[in-house]
Structure formats: structure tokens, C-alpha cells
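Structures are listed in the sections that come next.
Each of the two complexes below includes subunit A, the first together with subunit B, the second together with subunit C.
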Partner chain A sequence: MSKPEFVYVTYIETTAEKLWTALTDGDFTARYWFGVRLRSDWKVGSIFEMVQGDGKVSDAGKVVEYDPPRRLAYTFVNLSEEYRDDLPALATFELEPHGNLVKLTLTHAGFAEGGKMLPAISQGWPAILSSLKSMLETGQPLEIPRAALKLEG
Partner chain B sequence: MIDIHNFTPATVYTIYIASTPDKIWQALTSAEFSRQYFSGFAVEADLKVGGAFIVRAPDGSRHIDGEVIACDPPRKLTVTWNVNWPGLVEKLGPTLVTYEIEPAGDAVRLTMIEAHDRALSEDILEGGRQGWPAILSSLKSLLETGHPLAMKMAPPQRMLAALKAMGIKTP
Partner chain C sequence: MDEVFKALADASRRSLLDRLHARNGQTLNDLCDGLAMTRQAVTKHLAILEQADLVTTIRQGREKLHYLNPVPIHQIGERWIKKFERGKLAALSELKRQLEKRDE
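Showing the complex of A and B:
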């Protein structure tokens, strides 16, 4: 029944330009993304990295699409031993303005069979994108400890 | 009463909200709140197992006719969520919707699980996959900012076409 991909849609009261900045500016991501700073020069083909609060790079991949403020895509995989059977999967963000809202669609696909990335990102993205929505609408991110996340069924 | 063990989740949507479980429970089960974030639709729930679960359209008609299957405020609510279009339940079977509400740090995790007792096409499932993110995004905004999203939803065209092809009359 389940396909090896994860899709998440949310609607945010903001502009596509502000949402684009929130998705690509490392200082901004650090505030809503469990302290993770995204690092890249955002040229297609360039390295894309997730830098944790302690300065360590936890995940890395490449920039695949950069078309502000409409489409952003990058691959990444966790670099730790636990994810050694995984491959860099492709996360694609589509931003569509609807009046004073933006519909954000994330499609994350291309996971290695039997890997651990898909279950991990399936619990991570709803928390990250909920916090992003709060940040843009109220100025405050959500305080969700990583330990409060859980694997589905 | 239906046997919930025959149902398999088809769509799961999780959202985190800066609120309390009690407020989220109230938002999910009261007409006063639902009209604001659910395009004017009014939830009328008799919150006990076997109680009626109705969602009334803005014109007063019963859009959803269901029954409370499990009720554990403010943690879990399971209802049958049957759209009142002629022939729909006969052809698609009942729809089961479960809300789970759990504290997660300073926020609350709300998980919506839509389950069915038979395999349905991706086209049919598009209705819920398009609707739930919009409804629950607006519920989150309402609880966090005091106002819902100004949402103008396009109808789920693939689902409506698929229902029509099955001989189900849609509005």
C-alpha cells in the first residue's frame, strides 16, 4: 500500500518570497529546524549540507533545482553509520501563491529499498514544516524536542 | 457498529500546533470553531460511543453523516466520516477518521488518519489528500493567530470525475 515517497502539503499565510528565504537562508532555518543550518551556495550541482548546532554536518547532498520563488530541489542523505544502506533521496519544494496564502508541497522520493531515511524524514518533516508555518505566521517557531517525535505505526 | 479492524489507513496527516490538547479537541468537535477553519462547515458531535457525528454544510444540509466509534477526550476521537452523496457509501464503503492528540514539547501533535475497509483508487483518495492539509493548516492558524486562513479551495477534480465514472451523483 505505501509508496516509497513522502508528500506533505501545508498552507501558510505569507508571500512566496518570504517562504523562499525561510527555506534557503541558514540563519532562518536554524530557528525552526531543530537548530539545523542549511549550507549551500545554491548553484545547481553545488554541495548542500545540513549543519547541526554543534557545527557537525549531519546530512549532505546536492542542489538539483533552484528557481526562486517557485521550485527548490536538493538531494541529501544522513552521513552516519546508521544510514549506510541509504542513498541520497530527492526533496522537491513547490511554492504556489493562493491569494494571501502560499501552498507549499514537499515531495521526497527516491529512497533506497529497506533504508532508514524514509521513516526518519516522515516523522521529521511534519514537525519542521509546522514550525516553519508558525514562524512565518506568528514570528515564533515551535519548541518540539527531537525526542517528542515518533515513528508511525 | 462497524469493526474497525477491517480498516487500513490510506491517508495520514500530522501537524504540530502551539496550543493545548483541550483546545484542539474543542476545535475539532465544535461548530463554533469548525465554521471558522472548515469553509463554514459545522461539526455537530454527540461525544459518546454510538453518538451522532454530523458535518453540516453552510446551507444547513448534512454533508457528513457519521457515528462516534471511539471517544477519549482530549486524546483520541474515531468517527465514521461518510459523505452524504447518493450511492457513495454503497460503492466506496464507510470512511473512518481518527484524530490523535498528543503533547510534544511545548506544542501538540495532531494526527489525522483516514482509513477504509477496501482498496480505493488514488483518484478517489485525492479528495481527502487535498482537503485535510487545507482544513488542518487553517485550524492551526486559527489556534495560533486567532484567525483562520482565507482559503478558496478548488474542487477535487480527479475525485469528482472518478465518482461520476462510478455512477455516484456529485453536487
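Showing the complex of A and C:
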């Protein structure tokens, strides 16, 4: 396997079960992920979709691993014309409890050479993970306008 | 958060982060290449950066790869930058980037 392009780590004061729900429940993801609702039946091999606030599916891929509350992996790629040269890349989430904290490691691998997903993703994940941490620890997600990240709405 | 500031308060460590920002997932050998620092010094600086969570490592086969982890830096920004200022600041840094690019 090729080496991942990104490895992100954050420690969140929560339980692995709560973090798992926040990563997989669309009602939760909508609160910290710029309004994006993740949609899947979470069976390995099933379709995985990111549904925007207006109901449009922006990104899609497949569920690769679903092992609650330890390991979650899915592929996705943006479906718009702008990303036609991209391939579905693999995002893997690992949850490790350490006392009252959970270490969340996110690796993202398998981007198409010269594609547009890689730069877009590098702007997105740190903000999403910070907002997730803030939501689980304080009950309030961070409100980061999309424009600040230059992601398309 | 103290550890993040301590880790960033050193030019050698910032230059290691710059190198990872330019190319993520490097081995110790890659990182030492072309640096005017001993291998021991690089190892020591990387340990401090890892402690502060600014660098994270994974094993791939026999290699240990180092990655820049920007999440703690993002959290520092979020702590003092109000949500309404963010858009403006992003626009300003984009303007600065564009202007500086033109000078190159």
C-alpha cells in the first residue's frame, strides 16, 4: 500500500462510543462538518455519501471497515466535474482510549496524482477535527465559514 | 497548549515543520538530508515536536514516517480568532500571498 498523504491526530476528552457516534451519525456530523450529513448503512462494501445542507450529494465512495468503536474506514471522491481526474481516496479513523481521552488518528491515502482532492482535503480535515473536538468537549461546534477555507459550498 | 508554544519557539524545529509541510511522510534520513544539523539534534527536535503533537509518526514496513499534524495549530487559531474575523483574515492572507507571489 502507498504511504498516506496525511496523518492527523487529536486527543478528545470523551469516550470512544461517543466519538464513534459523532463520526458515523449524520445528525451529529451535520453539526460540526459544515452541515454535511454522512449517509450509509455502514455495512462493509455499502455506499457512503456526503449529503450537503441542500440535499445534494457532493462526495461518494464505499465503506471499507466498520469496527465500532475502534476502526472506521471509507473511500470518497467529490462527484463534481472539477474533480473528474480524482479517484476515491481512503480515509481511516482509529480510536484509542487513554484514560479520559480518546486519541483519534485519521490517515488519508490513495489520492490521484495531480488531482484536486488533495489540496482541498488538506484545508478541510484540520478544521473538521477541531470542530469535532470542540463539539464533544464543550457541546458547541466551531462555526467556521466555508469561505474561510475556500471550499466550494 | 504550553507544549505547542515551546515546540514552536525554536527556528530549527520550525524548519523541520516547514520541510514536512513541503513534503509529508518523511523518514529521519530524508529529514536530515541537506540540513546543517546533526542526526542527534534532529532526533531530539522531532521528539519535542511529537510530544507537542505537531508531528505524528506511523510505521510502514521498516520505516518510520513523520507527518506534520496541523490540528493543534488550528486549535490555537480558533481560541483567539473570533468566528466573524475568520473570513476577513482568510481574505487578507490570500491577498498577502497573491501580492508576494507577484514579487517573485
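Simple rule for what comes next: the second predicted complex is superposed on the first by the 145 of 153 C-alpha atoms of A that agree within 3 Å, B and C clash if a C-alpha of one lies under 4 Å from a C-alpha of the other, contacts with A are read in each partner's own complex, and residues count from 1 in each chain.
Rule of thumb we're sticking to: a residue touches a chain if its C-beta (ideal position, glycine included) is under 8 Å from a C-beta of that chain, and two chains touch if they have at least 3 such contacts.
Everything numeric in this text was worked out from a predicted model, so none of it was measured.
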| item | value |
| --- | --- |
| Subunit C versus subunit B on the shared subunit A, clash or fit after superposition | clash |
| Subunit B versus subunit C as contact partner of A:Ser130, first or second or both or neither | both |
| Partner chain in contact with A:Thr107 - subunit B first, subunit C second, else both or neither | second |
| Partner chain(s) touched by A:Ile12 [first = subunit B, second = subunit C, both, neither] | first |
| Footprint overlap on subunit A, comparing subunit B with subunit C | 7-11, 126-127, 130, 133-134, 142-145, 148-149 |
| Residue ranges of subunit B touching subunit A (in the complex, touch as defined) | 8-10, 12-18, 103-107, 109, 119, 129, 133-134, 137-138, 140-141, 144-145, 149-152 |
| Subunit A residues within the subunit C interface of the complex | 3-11, 105, 107, 126-127, 129-130, 133-134, 142-145, 147-150 |
| Residue numbers on subunit C that touch subunit A, as the complex places them | 24-25, 53, 56-58, 60, 65, 67, 69-75, 78, 83, 86-87, 89-90, 94 |
| List of subunit A residues in touch with subunit B within their complex | 1, 7-13, 98-101, 123, 126-127, 130-131, 133-134, 137-138, 140, 142-145, 148-149, 152-153 |
